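Next come two complexes, and both contain chain A; in the first it sits with chain B, in the second with chain C.
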Partner chain A sequence: MEKQQEQPMKMLKKRNVLGPVATDFTAANTGNWRIERPEVDYSRCSKCRTCERYCPTNVIEIRPDDQECVYINFDYCKGCGICTNVCPRQCIQLIPEVR
Partner chain B sequence: MAYVMLDGNMAAAEAIKLARVKVISAYPITPQSSVPEMLADFVNEGKMDAQYVRVESEHSALSVATTAAMAGSRAATATASNGLALMHEVLGMTAGNRVPIVMPVVNRGIAAPWTLWCEHGDSMCERDMGWLQFYSQNVQEILDLILMAYRVCEDARVLLPAMVCLDGFFLSHSMQKVDVPDQTLVDEFIGEFKNKNTYLDPNDPMFLCDLTGNEEYTEMRYQQKVALDAVPKVVEEVFAEFNKKFGRSYKIVEGYQTEDADAVLVALGSMCGTAKYVVNKMRKEGKKVGLVKVTMFRPFPLSHIKKAIGNAPVVGVFDRSTGLGSLGGPVWNEVAAAMRRSNCEIYPYIGGIGGRDVTVENLEGIFNELLDLKDGKKAENTTWFDLKGNPMEIRQVYQNV
Partner chain C sequence: MYDIKHEAKGLVTHGNSACAGCGLELIMRKTMEVVGPDTIIVIPPGCAAMFSGFGKEGGLKIAGCQMNLENTAACASGIRAALNAQGNTHTTVLGFAGDGGTLDIGLQSLSGMFERGDRVMYVCYDNEAYMNTGVQGSSATPASASTTTTPGGKTSQKKDLMMIAMAHRIPYAATASLQNLNDLKKKLEKAKNANGPSLVHVHTPCPTGWRFNPALSIELARAAVRTGAWILYEYENGKITINNKLTELAEIDTYIGKQGRFKHLNAEQKTELGKQIKDNYFTYTSMLERMSIH
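Here is the complex of A and B:
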C-alpha cells in the first residue's frame, strides 16, 4: 500500500522554475477558436486519407472499417478548412459551428 | 595538449567541437562563414557526433539552437553583424527562457554603410538583451573563453546565454599559435549537458514561453537580474578552475600597469594587445600610463572596473562603436556611470570602426592627450580621434538634374 502511494506523492512535489512556463492549461483547447466545422458527405467519401495527411493539426483519423470513417478530434480542430480544399471528391464542406 | 596554428574562426569551431555540441544550426555571414563551414566538415567527417541543421536565416539559426537546448542537447550557432541584428528578437527568447547557449559573435559593423570589417557596434546593440558578453584579445582567448562560457552559462545559478565576441578579421582570420586542450580534460571540465530548469520532454510535458501578464512579468525579469548578479562570482570560480586545469589565467577586468598610472585607457577586444605594447613603450619613456582590459562586458563588472581604474586621475574609454545619438560610446557611458562618485575625469574615444586599424600611433596619441588633459595643457579631448581631416567632403558626384 505504501509503495502504491509513493508515485502519486512524488508527483505532488513542486519545484521552483525560472522564466515563463505554463502551469495552467485551460487555454490549450484550440477547438474553441472554431467558427465553422468540417462536415463529411460519407456517400461520396472514398477513404483516400488525403484530408488525414494534409490536416495541419493532425486531428483527422480515418477508420476504413467504419461507415462514417472520418474521425475528427473537435477539441483541437480549428476549422481551418484545409481538408475541404484538398479533398479530391470535394465531399467535405464547412458549415457554421453551433454550440 | 598540443600547439597548433588556428585563426579565430577555427578556434571557435574547435571549442564547439571540444564541448561536444549535439545540434548545430548556423547561417553563414562574413566574417563568421568559416565557423559553420568547419563545423559542417567536422560533422561530415565524423569528427563530431552532432546534427547539422541547415537554416534559412539567423532568426531560424538561433530559434533552432534555443529549442534544441530546451529539448536537452547542447546546441551551437554563431553569427556576425547584420546576422546578429536579425537574431535580435530571438536573443530575448533565449535569455528570457533561460537557455544556456554559447554563441561566438564575430564583430563586424552593421550596415549602412555596408562594411564587412571589424567594429563592436553589432554586439553593443545587443548588450541589454540578457546575454553575457565576453571580448577576446587573441585567438587563444577565443577558444578558452568559449570553453569557460559553457561552464558559466550552464551553472544552475546562472542559466543564461553568452556571446563570446571576436574582432572580425583581426582575430577571425588571423593565424596564431593556440594551445588546444585534450578532449578528456575538456570533458572533465565542461561535463554533460543537462537541463536544470525547464525542458521540452514528451514524458513530462511543459508549455514554455507562455503569455505572461503584468502580475508576473516584473518578477521574471528580476529573476534574470538575480542570475546576472551571480555571474561575476561564478565566472571567477570557473576562471580559477580553468587556470588550475589548463594553466592559463583570466580576469574579468585586467588592470595592466594601472597601479600608479597618471592616465588609464579602458578598452576591449584585439586592440588590447596593441595597447599593452604601447603602455610598455611609453613606460620606458617615463610616461605613467596603464590599460584596463575589459574581458567581460555583460554583466557590467562594476567593482572590477572601479578596482582596476583605482585612483587614476584621467581615464579614456575606447569604444570601437559609435553610440550614435548618445553622449559617448556604450562602454564610456557605463564607465562614466560606474565612476560617477570618483574624482577622475572620464573622456570618450570613438574609433577603429568599419575595419579601420587601431595603430600604435593612434593609441600613443590618445595616451599623450590624456596626459595633456591631466596637466591642463589641453581643455578638450578628441573623441573621434582617427577621423580624416575632411569628413564632410569625402565623395563627390556630378549633378545631372
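Here is the complex of A and C:
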C-alpha cells in the first residue's frame, strides 16, 4: 500500500474503523456543468411553487415579495430544465449560458 | 466531528454529482424530507452511492454507511437489531438501493429481512438498469428496452418486486412515482411508520440510461403512469389499494416515443409493445382487485 493511503488506514484501525469515513459535508461545483440556464418571466409567475418542489438540486426558492420572485442558486443549478417543463404557466425557458 | 463545509437547505447537499435531471436525486431529497435527521441510511454501490460520498466527503447530513450490493437489507437489519438492543425505538433505519441492488443482487438479503420482520424502511429507486456501471440490463428492465447488455431490446419481462414483497406478508409495500410528490411523500411516511419491514418501489426516470432530454424526467414519470406502464398501488396490512385506476390509457408514444432505449423499435413493434402494456395494465389491476377482497 502507498504511504499516503497507509497513514489514514492505520489511524482508522486504531479506532476500530474498517473503511474510509466521511468527515466533511461538501458540495461539488455543479453550477459549472450548465450549458443552458433557466430564465424566468417574473411577470407571468403565479408563485405556485411547482418548480421549487420539482427541482432535483433543490436550488429554487419562491420569494413572493420580491420582484424577481423565483430565486435560483446558480452555484449549483445544473441547467437540467425540469423547471421549464413542470411550470404550469410555462414562464421559464432555457437560454444558452454565457460565462 | 462532521464538518459542514457547504450550506444546504435540507439534509442533502445541493452540489451532488447525479446527472442533470436525475429522478433519483429528487427521490433522495423527498425521502430525506420525510424521514428527517433521526435516521441511519444504508446505501449500496450504484448511483445513490454518490450521496454516501467519496472518501472523506459526504453528501448527506444524517448517519449512514455504504455496504455491498448484496447486503443492504442485511446490514439494515443488523443496525436495527443493535438499536433495539440499546432500547432505541425512535431512530429510523432506511435501506436505499437501486433496482439491481434490490431485484437482482440484493434480493436474497431483502427476503431475509422481510421474513424476519425487522423494522426497516426500504426504498428501491428503480431506474430499470444498472446505471452507475454503464446501463447494463437488470431484471427490472422492461421488455423491449435496449441496454448495453440487451442491445436489441430485452426479451423477457420485468420482475415483479411488489408481488415478492407481498408474498412475505410485510405490513406495508407500495409503488410510487415522481408524477405526484404528495402521493410519494405520503407513502414514504407510511413506510417510515410501519410496524415491521416496509417497501417503497419508486419509478425513477434516468436521462442518461433511458436516453432522453433531462428536462422531461417528470413528464416521463407522468407518462409512465398514464400509459399504464407503471401501476401505482399500495399493500397495507393485507389490503390492496390501486391509486391510479384508469379506464382509458394515454397513447404509448407519449412514454416510449421520447426515449432512446425504445428507438430501435419500428412503428409496428411500438404498437405491439403498447398493446402488451395496455393488456398488462387491465389484467394486472383486475387481479389486484380480486386479491384485495378478504
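The criterion applied here is as follows: the second predicted complex is superposed on the first by the 72 of 99 C-alpha atoms of A that agree within 3 Å, B and C clash if a C-alpha of one lies under 4 Å from a C-alpha of the other, contacts with A are read in each partner's own complex, and residues count from 1 in each chain.
Here, contacts are C-beta pairs under 8 Å (C-beta built on N, C-alpha and C of every residue); 3 or more make two chains touch, one makes a residue touch a chain.
Because the structure is a prediction, the values reported are computed rather than measured.
Of the two partner chains, chain C is the only one touched by A:Y54; chain B is not. When the two structures are aligned on the shared chain, A:A22 is found in touch with chain B and with chain C. Here chain B and chain C are compared by how many residues of chain A each touches, and C touches more. Shared-chain residue A:P64: touches no atom of chain B or chain C.
Look at A:C80: by the touch rule set out above, it reaches chain C but stays clear of chain B.
Residue overlap on chain A between its contacts with chain B in one complex and with chain C in the other: 20-22, 25, 28. On the side of chain A, the complex with chain B involves touching residues 17-22, 25, 28. Of all the residues in chain B, the ones that touch chain A in their complex are 96-98, 159, 197-198, 206-210, 212, 220, 223, 227. Residues of chain C touching chain A in their complex: 1-6, 8-10, 12-18, 20-23, 25-26, 29, 52-53, 55-61, 178, 181, 207, 213-219. Every residue of chain A that touches chain C in the complex is listed here, in rising order: 20-31, 33, 53-59, 61, 73, 75-76, 78-82, 84-86, 94.
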